[in-house]
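Okay, so chain A shows up in both of these, paired with chain B first and chain C after.
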Partner chain A sequence: MRGEITLRLGRAVHLPIRLRPAAVISSLFVLLLATSIAGLQFGSTAIALADILHWLFPFKASDPETGSIMGLRWPRIVAALLGGAMVAASGHLLQIVARNGLADPGLLGISQGSMAAIVIGAAVFGLAPSMLVWLGLAGGFATAILVMTLAYRLTSSSGLILVGLAVGIVLIAAIEIVMVQGGILQFARWLSWSHGSLTAVSASNAAMLILWGSFLLPVSLIASSKVMPLLLGHEQAAGIGASPRKLSLLLTLLAAMLVAPVVAAIGPISFLGLIAAHIARRLVGERPGEVMPVTMLVGALILLAADTAGRTLFLPVVVPAGILISIAGVLIFLAAARLARPRR
Partner chain B sequence: MRLLSIAIFAATLAFAPSAIARNVTDHGGNTVNVPDEPQRILSLHDWTLTVMTRELDAPLIASAGRLAPDGSAFMRGGRELFGLDFDEIELASIHGKPDLERIRALKPDLIVANIGDYGALREQLFTIAPTLMFDAENGRPPFELYRDYAGWIGKQARFDELKSAYDTRIEAARKSLSPALLSGTYSAIIANERDGTLGLLKEYGVLTMVLDDLGLQRVALTKSVPSGQSRMTIGAELIGEIDADLIVSSYLPESGETADSIFAALSRIAPGYEAFLRAYQAKRILSFSRYEIYPPSFRGAALFLDKLEAKAD
Partner chain C sequence: MPVRREASWRPSRPRSDRADVLPDMTSDGKQGGEVLSVNELSFGYGGNAVLEALSLGFRPGEFVAIVGPNGCGKSTLLKIMAGLLKPAHGSVLLDNQPVGSLSRKKLALHMAMLAQSNEAPDGMLVADLVGMGRYAHEGWLSRGTSRDRAHIDAAMRIMEVADLAERRVGELSGGQLQRCRMAMALAQNARILLLDEPTNHLDLKYQYSLLDIARRQAAGGRSVVAVLHDLTLASLYADRIILMSGGTVVADGAPVDVLTPAHISAVYGIATAAMPFGRAVVHLPESALE
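So, the complex of A and B:
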């Protein structure tokens, strides 16, 4: 087939590899590596590339000054890479479940569900951060189920988005009521967290994301190769022997699991799921198995670039990554909504 | 030989660095090992911590600041009360937008931050220097919090000296202000025009501190402010509950507000308030610059007393 090569390993194993996705993924990896090194190099204190490389491969003791700065930079770079990939993967899965290219954990209320659970857990019950991830997961999943149930009988796929937006608005109002009850101090904390900033990411936050990401990202990649029937619609999928309802439920749970730890560590990052999956489909087409890895890489790249730009370009002001992504996201959302064709 | 040993020992004591560490428990309940006499204090809240550090004559090297419309950075309270600017000390970060690398580059030996804005950053700040969290809004009187802070940074004696002068000033004010005012009631409010509500203040810097110390009584509704909090929001329909012999409020000059802005705000929130608030009829609704009355500061307290004496009599 044109645009495809076959990797032959002995006589038995023949792996067909499509050239375009392979080229896109390779290019994104290179871009991501370069952006990561730039993220390590630039900040309020510039560090020479040689010192960065020396710190990355410390065959002899690294300069303490560089080590100290790197101690502030590496957790947020790791969190940006993993958090970006996880939110983007979540958005892509929700777009498949909703059969709507505008779906996003924020637009479907899942991020808000996680936020509400985390805020209530922390502000009302004073739970420890390690517990908040599980609470965020439960909140995100419960919201996803609620939204899907409410939108069950709506024929238009955009109905799901409208229900998600409505539920999200109600949840944000509930969060604000809880925060206002807690006084100005609590409200100030909520406001800071709700911007989606990586400034407060610590080594333990990064370790938590590594733990969750190392399990959920491979699962998402595997899941993406099984979801093709859902793109046909539920009736057609059932006709070819798939279980669309069961599959949708599992994918929604996975989407909620991907978002919850990111919300707990960084705060909500609106529109990232929408932007990343949209760009990925433009790059490699519609096959979920190919779109998913590209979506993850694009999501990681966007969040890392936004965080690096936010903490270097506007000094002395540090702009939260979530705000920069929201600005870009609204523009892409409007463009995507205008270009999107209604599915029949 | 023995004499020489004693001389060396004495010299060692005399020239040994004074930065012996000690444990301090901050308002977040964290026990932190801090230098006995910090030499490079970095403040991350301008109109509480920066002001107090400056007033206590502690070695302040940097502070968080805010951006003025012209793009320049300034310190709320620090500028108005002490003429402090960023030619004198370094800019640590813009308020609410912390730059950890900039803070690290300033090499503080003690970081002081307010818990509301920086509680989530404590772990990161602690990798740079010992960090103490101050809570200006936990419902305790401002000068109690100030006393805590002075103890944390080893300036208890300076605090006591300032407090003594303040007590003398309060006694003088009791003699100069009218007995009718001093035996009356007061309420401290903030008018939230945006959502049509009023903030009833239980503790608000020297504004409430001074009035309490003068002997004025708070309106009964103040008892409804939840414990551990310094204010509560009430609807406009409760405006009658805040009526008192004296109503005090504050304005933010950087937003273009003046001492008269409170009247326009009350008109929008509770139209016709002039007819039923006796404080208005007695011309006892007074508003003061928030830069001067919010910081827990003896200089701010003295300024407030001066203005109160001028306006209330």
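So, the complex of A and C:
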């Protein structure tokens, strides 16, 4: 996987600490560009690179057939890029708030909270798609607060993950009860969505992600440069003049906001936040202001690479991106949990 | 290299040029008056009283050590003074203003606090850790000003951690890390320093060095309050000792007056022989002396 390659690059190439973020960010941008073009090129019908460049150029008429295929592929690629960046950013924020490198919107039940709210809103109350994102946001935020409150008394870092998983399982059960009522066809569609699939992404989905992402991603970048005190623990953070409770609450809200539109458009992508932030920290260290942009780029790259691989490598079988990421994610989760050194 | 004003943070300076030692401490000239006072303070965790009707005052220029057995409420008292916990009854006043009425940021300009445990992640750079001491002084646009830089450099020099700046927290020994954390608290340049067991993880040399630095900070006009376990060290460095037991103050005053065999036996329940040694008082258990 692409993420693995960059990880090894970061270890082999030793750069001065100050130059590293800039170098990492620019190489990730190049990788992202290459993967995006590959994503446009490959599929059930391969398209020549020249035709793609032709299509990308404005004011130049291109082959209508290419145009219609591109019309199907670009929303998918934009959704993968933005969705990946948003889920990854959410994971990194949650890791800071929970002071736990294993936190992730999927593992903490936040994605499931968003899903539950969306499913109930759509299936039971028949709400319009534009309303569902807000509902997903409310569901995700409420779940985040619930999980963190329940885990508050458990001082061990694995306690939070356990509570998150338990709440997530309960929420999935609740969703399934609703979905089973809807008949087998709807259940099949739900199953694909619940594993994080970009197959059904439309141009309007992509537009919604652009709308939310263009607001939330810059806000996350700005916020990340102000959250370093939280890494010291609540007590010491308060001692140096930060307001840890207020900051944590705002960051949790932001993390839920980042996940909700992605869940609405492509479903939950579990483990992506965990993997992306983990790789980013390996590459650039621990400063949240520098980890955040790298996390976003790594997240975008992973989701795009997984989706492109899932729809091209195993043709005619199309593997949902979420499943590929989950497989890679479990391996990285185990490695991260094993490598994590006990605190002094 | 031009001599920086902040170089006067160096502990070797005599206390006479106080105005220069503390260039931006917001002192209102109430020398001798109490900067921090604790009035009729009570606190409990879920029905169990931890502190009962405590009243104390802290003056600038004074190094106060709080000692007492485990669970006597020393750390809780320090946390309430730092505004981290809300008292059930009574109040903590900073310049006659309740600590709870100030924002965290405003409070941090006057009061630095070194928490007992470290939670900084292994990957964090020491320079970033110490630099966070300037958090309260930063605005959204003014970060890393030359004054911030100067305070960070001075604090790192005082704590002898300047050569660790580019290292990561995970690479440090417990003692090095503790000195870096103390440097962060010093970089805050607050006139009140609250230290929760600051000598944790330090070997003998750096225990002495840290307490010496704490004493010099007090001599420079700051108010330093430290929770300590070692009675000898406390008596050697502190100007005043507060001996606590069961959430109340048993004795409060000069080390020789507080650390008497009668007080020790009342608080710790052991018989000791006290040996004055210069300004220090050394207690040895009688059971071991027989």
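Convention: the second predicted complex is superposed on the first by the 322 of 344 C-alpha atoms of A that agree within 3 Å, B and C clash if a C-alpha of one lies under 4 Å from a C-alpha of the other, contacts with A are read in each partner's own complex, and residues count from 1 in each chain.
The definition used in the following text is that contacts are C-beta pairs under 8 Å (C-beta built on N, C-alpha and C of every residue); 3 or more make two chains touch, one makes a residue touch a chain.
Just so it is clear, the structure is predicted and the values come from calculations on it, not from any experiment.
Engineer: Put chain B and chain C onto chain A via the superposition and say whether they clash or fit.
Structural biologist: Once chain A is superposed (C-alpha atoms), there is room for both chain B and chain C without a clash.
Engineer: Identify the partner contact of A:165: answer first if only chain B is touched, second if only chain C is, both if each is, neither if none is.
Structural biologist: A:165 contacts neither chain B nor chain C.
Engineer: First (chain B), second (chain C), both or neither: which does A:236 touch?
Structural biologist: A:236: touches chain C, not chain B.
Engineer: Could you look at A:202 and tell me whether it touches chain B, chain C, both or neither (first, second, both, neither)?
Structural biologist: A:202 contacts chain B only, not chain C.
Engineer: Chain A residues in contact: does chain B have more, or chain C?
Structural biologist: After superposition, B is the partner touching more of chain A.
Engineer: Per the contact definition in the header, classify A:221: touching chain B only (first), chain C only (second), both, or neither.
Structural biologist: neither
Engineer: Please indicate which partner A:285 is in contact with in the superposed arrangement: first for chain B, second for chain C, both, or neither.
Structural biologist: It touches chain C, and chain B stays clear.
Engineer: In the superposed arrangement, does A:127 touch chain B (first), chain C (second), both or neither?
Structural biologist: Touch status of A:127: no partner.
Engineer: On the overlay, how many Å separate the closest CA atoms of chain B and chain C?
Structural biologist: Here the least C-alpha separation of chain B and chain C stands at 43 Å.
Engineer: Quick check on the output: what are the common chain A residues between the chain B footprint and the chain C footprint?
Structural biologist: Of chain A, no residue contacts chain B in one complex and chain C in the other.
Engineer: Taking the touch rule as given, give the residues of chain B at its contact with chain A in the complex, in rising order.
Structural biologist: Its residues touching chain A are 67, 73, 91, 93-94, 96-102, 104-105, 115-117, 119-121, 123-124, 127, 135, 137-138, 226, 228-231, 233.
Engineer: Which residues, counting only chain C, touch chain A once they are in their complex?
Structural biologist: Going through chain C, the ones touching chain A are 79, 82-84, 103-105, 107-109, 112-125, 128-129, 132-133, 135-136, 166, 168, 170, 174, 177, 181, 184-185, 188, 194.
Engineer: Touching residues of chain A toward chain C in the complex: what are they?
Structural biologist: 17, 99, 228-229, 231-233, 235-236, 238-243, 281, 285-287, 341, 343-344
Engineer: Which of the residues in chain A end up touching chain B in this complex?
Structural biologist: Where chain A meets chain B, its residues are 43-45, 68-69, 71-73, 180, 183-186, 188-189, 192-193, 199-202, 204, 311, 315-319.
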